[in-house]
Amino acid sequence: MILRDPVHGLVSFESDEDAILVALLDTPELQRLRRIRQLGLTSLAYPGADHTRFSHAIGAAFVMTRLVRRLRTIHDELPFWQRLTSERARDALAAALLHDIGHGPFSHLFEDALSDAPSHEEWTTRMLLDPGTSVHAVLSRFDSTLPARVAELVRGRHELTYLARAVSGAFDVDRCDYLLRDAHFTGVSYGSYDLDWLLRSLRFGLSRSPNEAPPLAIDGAKGLPAIESFVLARLFMFQQVYFHKSSRSSEWLLSKILGRVRTLLLDGNRVPGVPAAVAAIALEGDAPLGEYLELDDGVLYGAVSAWRNAPDAILADLSRRLFARQLFKTYELYAEQSEPAGRVRALETAREIARNSGLDPEIYVGLDVACDVPFDDSNEPLTVIFPNAVERKPGDVSFLLRRLRGERVERIRLIFAPELRDQIVQALGQ
Amino acid sequence: MILRDPVHGLVSFESDEDAILVALLDTPELQRLRRIRQLGLTSLAYPGADHTRFSHAIGAAFVMTRLVRRLRTIHDELPFWQRLTSERARDALAAALLHDIGHGPFSHLFEDALSDAPSHEEWTTRMLLDPGTSVHAVLSRFDSTLPARVAELVRGRHELTYLARAVSGAFDVDRCDYLLRDAHFTGVSYGSYDLDWLLRSLRFGLSRSPNEAPPLAIDGAKGLPAIESFVLARLFMFQQVYFHKSSRSSEWLLSKILGRVRTLLLDGNRVPGVPAAVAAIALEGDAPLGEYLELDDGVLYGAVSAWRNAPDAILADLSRRLFARQLFKTYELYAEQSEPAGRVRALETAREIARNSGLDPEIYVGLDVACDVPFDDSNEPLTVIFPNAVERKPGDVSFLLRRLRGERVERIRLIFAPELRDQIVQALGQ
Amino acid sequence: MILRDPVHGLVSFESDEDAILVALLDTPELQRLRRIRQLGLTSLAYPGADHTRFSHAIGAAFVMTRLVRRLRTIHDELPFWQRLTSERARDALAAALLHDIGHGPFSHLFEDALSDAPSHEEWTTRMLLDPGTSVHAVLSRFDSTLPARVAELVRGRHELTYLARAVSGAFDVDRCDYLLRDAHFTGVSYGSYDLDWLLRSLRFGLSRSPNEAPPLAIDGAKGLPAIESFVLARLFMFQQVYFHKSSRSSEWLLSKILGRVRTLLLDGNRVPGVPAAVAAIALEGDAPLGEYLELDDGVLYGAVSAWRNAPDAILADLSRRLFARQLFKTYELYAEQSEPAGRVRALETAREIARNSGLDPEIYVGLDVACDVPFDDSNEPLTVIFPNAVERKPGDVSFLLRRLRGERVERIRLIFAPELRDQIVQALGQ
Amino acid sequence: MILRDPVHGLVSFESDEDAILVALLDTPELQRLRRIRQLGLTSLAYPGADHTRFSHAIGAAFVMTRLVRRLRTIHDELPFWQRLTSERARDALAAALLHDIGHGPFSHLFEDALSDAPSHEEWTTRMLLDPGTSVHAVLSRFDSTLPARVAELVRGRHELTYLARAVSGAFDVDRCDYLLRDAHFTGVSYGSYDLDWLLRSLRFGLSRSPNEAPPLAIDGAKGLPAIESFVLARLFMFQQVYFHKSSRSSEWLLSKILGRVRTLLLDGNRVPGVPAAVAAIALEGDAPLGEYLELDDGVLYGAVSAWRNAPDAILADLSRRLFARQLFKTYELYAEQSEPAGRVRALETAREIARNSGLDPEIYVGLDVACDVPFDDSNEPLTVIFPNAVERKPGDVSFLLRRLRGERVERIRLIFAPELRDQIVQALGQ
């Protein structure tokens, strides 16, 4: 199988080991990812960002094929029982392709909005282990213990440390692909880094104990720029895209909508057009796998469309706003306003204004805290390894990473209905 | 307003003339294009191709802002009544942005599948002229005759020939954007051409009559490579993307599904989950504008999802195949097989095989003819103009275009259910 | 050895087979290519085009490593004695790296200007076979028959047809690299094509006789766009760069300078600052290899600089013009003027004008004919091979190539001193 | 005039204001920059880096045309006497083009090697002010005070602060171009940043006093990523390219060669092939402008070529090594070895080894300290300006810049003849 991918160019799955990828791509669980956008509602801010989890899954699997090839050029230095056999390569490829199949509509948003819902990782595990899924059937066809092995690997657990980290770690194939992909489709060029160089710079570190396979490492000072630029790409993508005010406010709005639906359902109201899985999760905190698999962006968007005419005025109002992209506005809190006490005061002020305008302050005003630590090597097993077999932490070697280590990027914002904007800006500020 | 666009980079609509674009972008008619993929079902073949008509509309408008800027650096050579006033620029910008708002779900596919439905051009006109739409309201707010003017311009009619051709011609802003955009999102690099150079090479040609504004022209032999590479980009995109067998066969499948729904409805059957506009068009050949505007990719895909459980076995079967991407296969006809008589024989052979396998030959087998003429300057007013004011046709000057002029690219294929493949290949094949 | 190359990205020569490349790169004969521009005087027209033959040699060798890797994924279909052994791969790599070491200053220009000088191919052979060169020493160290084998291969002769064609054929690694490289450094984006796809599309064709290794072939209709875009890239580069009027006129000027030097020397004059090899070639048609190896762009440019003060007025004048980039002008001949009789008339007219202005017509006026056939498969062994083992010529399968096959691009120009321009344009011109 | 530039694409100098650029480009002083590589000997490490100061000068001027255009879209907010008149724009364009004409062979290297030579800035001033140069003549033709004004501006002095900083400041057009250019030609993709966004983010800051024109500023938090990525691009280029061990060691070698030539000349020896300007500078610390203008890379390289056969054994040896790219090796000092005392010890150890091997320790061993402060806003007038007219320093607003502010990147290395390597590594090393 050969595909054209706008990020990686020619993607070919043609080797014997790749056969599992081709078989898995045809399953309905994977095809469902075609209907789930990688970046949720971000395309409301970046009109190109309509790429799906399906293309990302292919990309992650492709990066894994390249990583496997790289590791094999160097794995002779390992004892033979720690090398990358065909079986282990197959595990890794399957895990890379399947690592995200559990995502609900609009990716992370769904699980965040219905907070006691099973996480997407939980759904991934179910899809892998449930004998009724096609994914399970395909994996089992190759090896009856494969579903369980892949489920473990997706969670970052594998006898070979280096393989576990390649699926789930600070520089895993998931991140390797999504940074490039999100950058390509949003048009934010800052998000690029040098994947060729990163792969070329990988080698094995030192084993922690005689029987344990070593983690991945970076090949001397030469490889540092590759991970420096990777970390910076991530930092920029957070600042520019993942924390973008329109992304955050539209996600916030959808989350309020789903919350409202749940409240209405729990209060015994009938809400038209609620997909079965949403109703089940809202009422019972869980849903049958079959129902969950029916969910996708289109289904949920169709529900929002229907809710525009819901009897509940608030649900109808919120749904109409989202559907027509009349997003809530934001007001960023800096300096003292962003301190805990300042946030509370600012939120209270804004809620008071909402109350006076006749809007429910719990729904039409909120506080949004977005934060990330772009780089922290305190618990990261990836080291930089020098010719004399000395290992050092990246932050100890890199000028840049030392200065970023453990530092936290934070964006704190009030989110509110646009009609409240003038009053809130005047009350708060500058 | 500033946007990041993966194709054009920084897109800014900040001048006074651009204000109309900002106002139009907020209308529900334009926002609806966010839910309509530019390339229909092509993402089934090219996993990156999920870009929407919305991003294309922005791109076309942006190319128009650049074109307007270019024309203004040279329009002093025209009599003042033929120059690009602010009003005319506004007309052009609005037309560029709105030229495609009439598209139904999956773009061209919808109108082709329900053949007596109004064309997307017709729907565009209605949206512009119907006093009930937001687009009409915004345009009228600027000038009460603007809706009508834009409707004319979208159809390629304007007192200034050069402006009419910029909206609808062989090198119009629509094509200028979609070639680059489709290339970027499919990853088919062949589809690129040099937009900077093309714009830079434009000048005015010779007026056909003293009172008529001149058409656009290319500035001497220097500008030829720009249009040569434009024509080739188009040729490559047709060969690689628009005529791709999976795109064609999936579109063919969806069109069979819609046809089946119509047949069932006309026969008086109840079909569950048919969107109102689809039902109306199927039964009456037309639908109210309000219903049509409710259609988008998600709605139609939701309907296909529902039809998987339709009582009609054929509808259910086709819908299941499309939903799970179990596409029909193709068999390309070459040489004598592609001649009219050969096609008929091949189709008949394949239908006979379907019949023997118990499949309805009208539905499970078909003949698909895709064709395009990549370049023809016999009716194209764009000329190449030399320093001595001599005009010549591009095909008379360009080594390459002379050899392509009027030539026809054709791909002729049988399309059929995959279970028929072996028999058909054996019966027909080489 | 790892290098960063702006064209191919990460270039690594790290395998055992690559060792020969690393050894050869250190020889003075190869290092000399650092001082020879790939495109002669083209940087006078395209200010970025200062790239050297050295970077091209690395690029061609790198493409060969990729080609070798590709061929090895498919060579199992050949009888074992036709496969790509390590030894054969080494031959091919060395030949790719060394194919152009014989070039003189400003590449092709030098041998064209001193017409009975040995060709650069001849110099390449001498450098390979002369026991005194470092290149010979390095090759011999690997295998005493290697210099001779590489010399044969560089000329396109090898027992394995497919390998011979990879070094010297319509789609050889030389072209594969220089098209991309020249496009990158001139900034002419038209010159790009899809190298990944081209390599991926290669397979073996049908052997011409039972004992003969097969030529390369293209894998079915799928691979056609790769060679179509390759052919077009070449066509565009010829039209835009290699036939550019300033490139041609500056090369013409340098060639007149060298011609003048030869005339003066043959007439027994002393000309200051003539490099030894130039003097020898001018006087005797050949030079010792050691002297030839002292030549490079800087040496020749230094000579031109010195000749600005030559006693011979014409030599001084021409040298001053070139050094200060006061290039000769061109006048392109079209239509009847470009026919044989028209050319003669035009040249005669221009010469008459020169004569009347007191300038030597043989030196200050000339006719320049640039021509190329972008695609011709009449003698090209590369075929398109289909699943059923049917082979066809590319031009028989490709819409585009059929229309270009055997067609000739020609640019015919008068070249003359700028002070003659107005009179010549007036006399000839339209 | 239109040019293709691989960095900026289409470069056009066609407006009335641009006429000065076209006139200046034809002068011999500017044409001389065609023969001076932008990055000195860096192409010995990065084979693509043969680009010249000429292409950089064009690039810097082109960035200035874009900056001028940007400033004019916002300069209405300034009092009319501070706006960008045509005359001021012309000053700025000329200064951008001419800012580096004073550079000697291999750029910075030359002035560093002959340490009491006039700086390249001094040579620039002389070329501008000397009535005998063509540059002076062209500038004077436009306005007799222009040479002096441009000379001032090149040094960063102009009545309009914002214009002065655009020619010479932390984000001036020189850096804007060279970062992109050096990244493009070395192939180090890290060196890119978003020029479009940077230009778009510029606005005017607050004037320091009522009569003073304001400095440039960045438009709110939105513009930060542009300067963040600019600063990082610079950091990466320093780490990867400008501090590359092969660049440093080859520059060090050339500088030893020039030093040796000077010593020999001062001692009264005859050294063959010394260019007049080099001899004059070596002996007297200065040279006539005419002689200096005869210098370029080729001339100096030709001298090195000649010195391979110099009677002085050391000069001959060093010249042979450089010419054949047998570069000196490096040993990087970390941790305590990089502290002042450690450096002295390491250097002494290495010198001792040289002495014992019979090599002059002052010539065959040295200590190289490369350092840079990638970002420091303590003296930088560029601020970030917010909607409420509050200005803050970039480092106070940006997460990243705060962490880099004032930090120093340093690479400390021993440099020595390769034959000493094993002993030195063993003596010093880990």
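First chain written, first letter: the chains are A, B, C and D, and each begins at residue 1.
One rule holds for everything that comes next: a residue touches a chain if its C-beta (ideal position, glycine included) is under 8 Å from a C-beta of that chain, and two chains touch if they have at least 3 such contacts.
What you are looking at is a predicted structure, and each value in this text was computed from that prediction instead of being measured.
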item: Same or different residue numbers at the chain A/chain D copy interface, by half rule; value: same
item: Distance-maximising chain from chain C - centres being C-alpha averages; value: A
item: Rounded Å distance, chain A centre to chain B centre (Cα mean); value: 33
item: Chain centre separation in whole Å, for chain D relative to chain A (CA means); value: 43
item: Whole-Å gap between the CA centroids of chain A and chain C; value: 50
item: Multi-chain contact sites of chain A, meaning residues that touch two or more partners; value: 9
item: Sites on chain A touched by chain C in the complex; value: 2, 9-10, 12, 196-197, 200
item: Residue ranges of chain D touching chain C (in the complex, touch as defined); value: 3-7, 9, 26, 28, 31, 34-35, 37, 43-44, 46-48, 50-52, 54-55, 58, 184-188, 294, 297-299, 301-302, 305, 324-325
item: Chain A contact footprint on chain D (complex, rising order); value: 189-190, 192, 194, 221, 225, 228-229, 232, 235-236, 239-240, 332, 386, 388, 390, 399-400, 403-404, 407, 409, 430
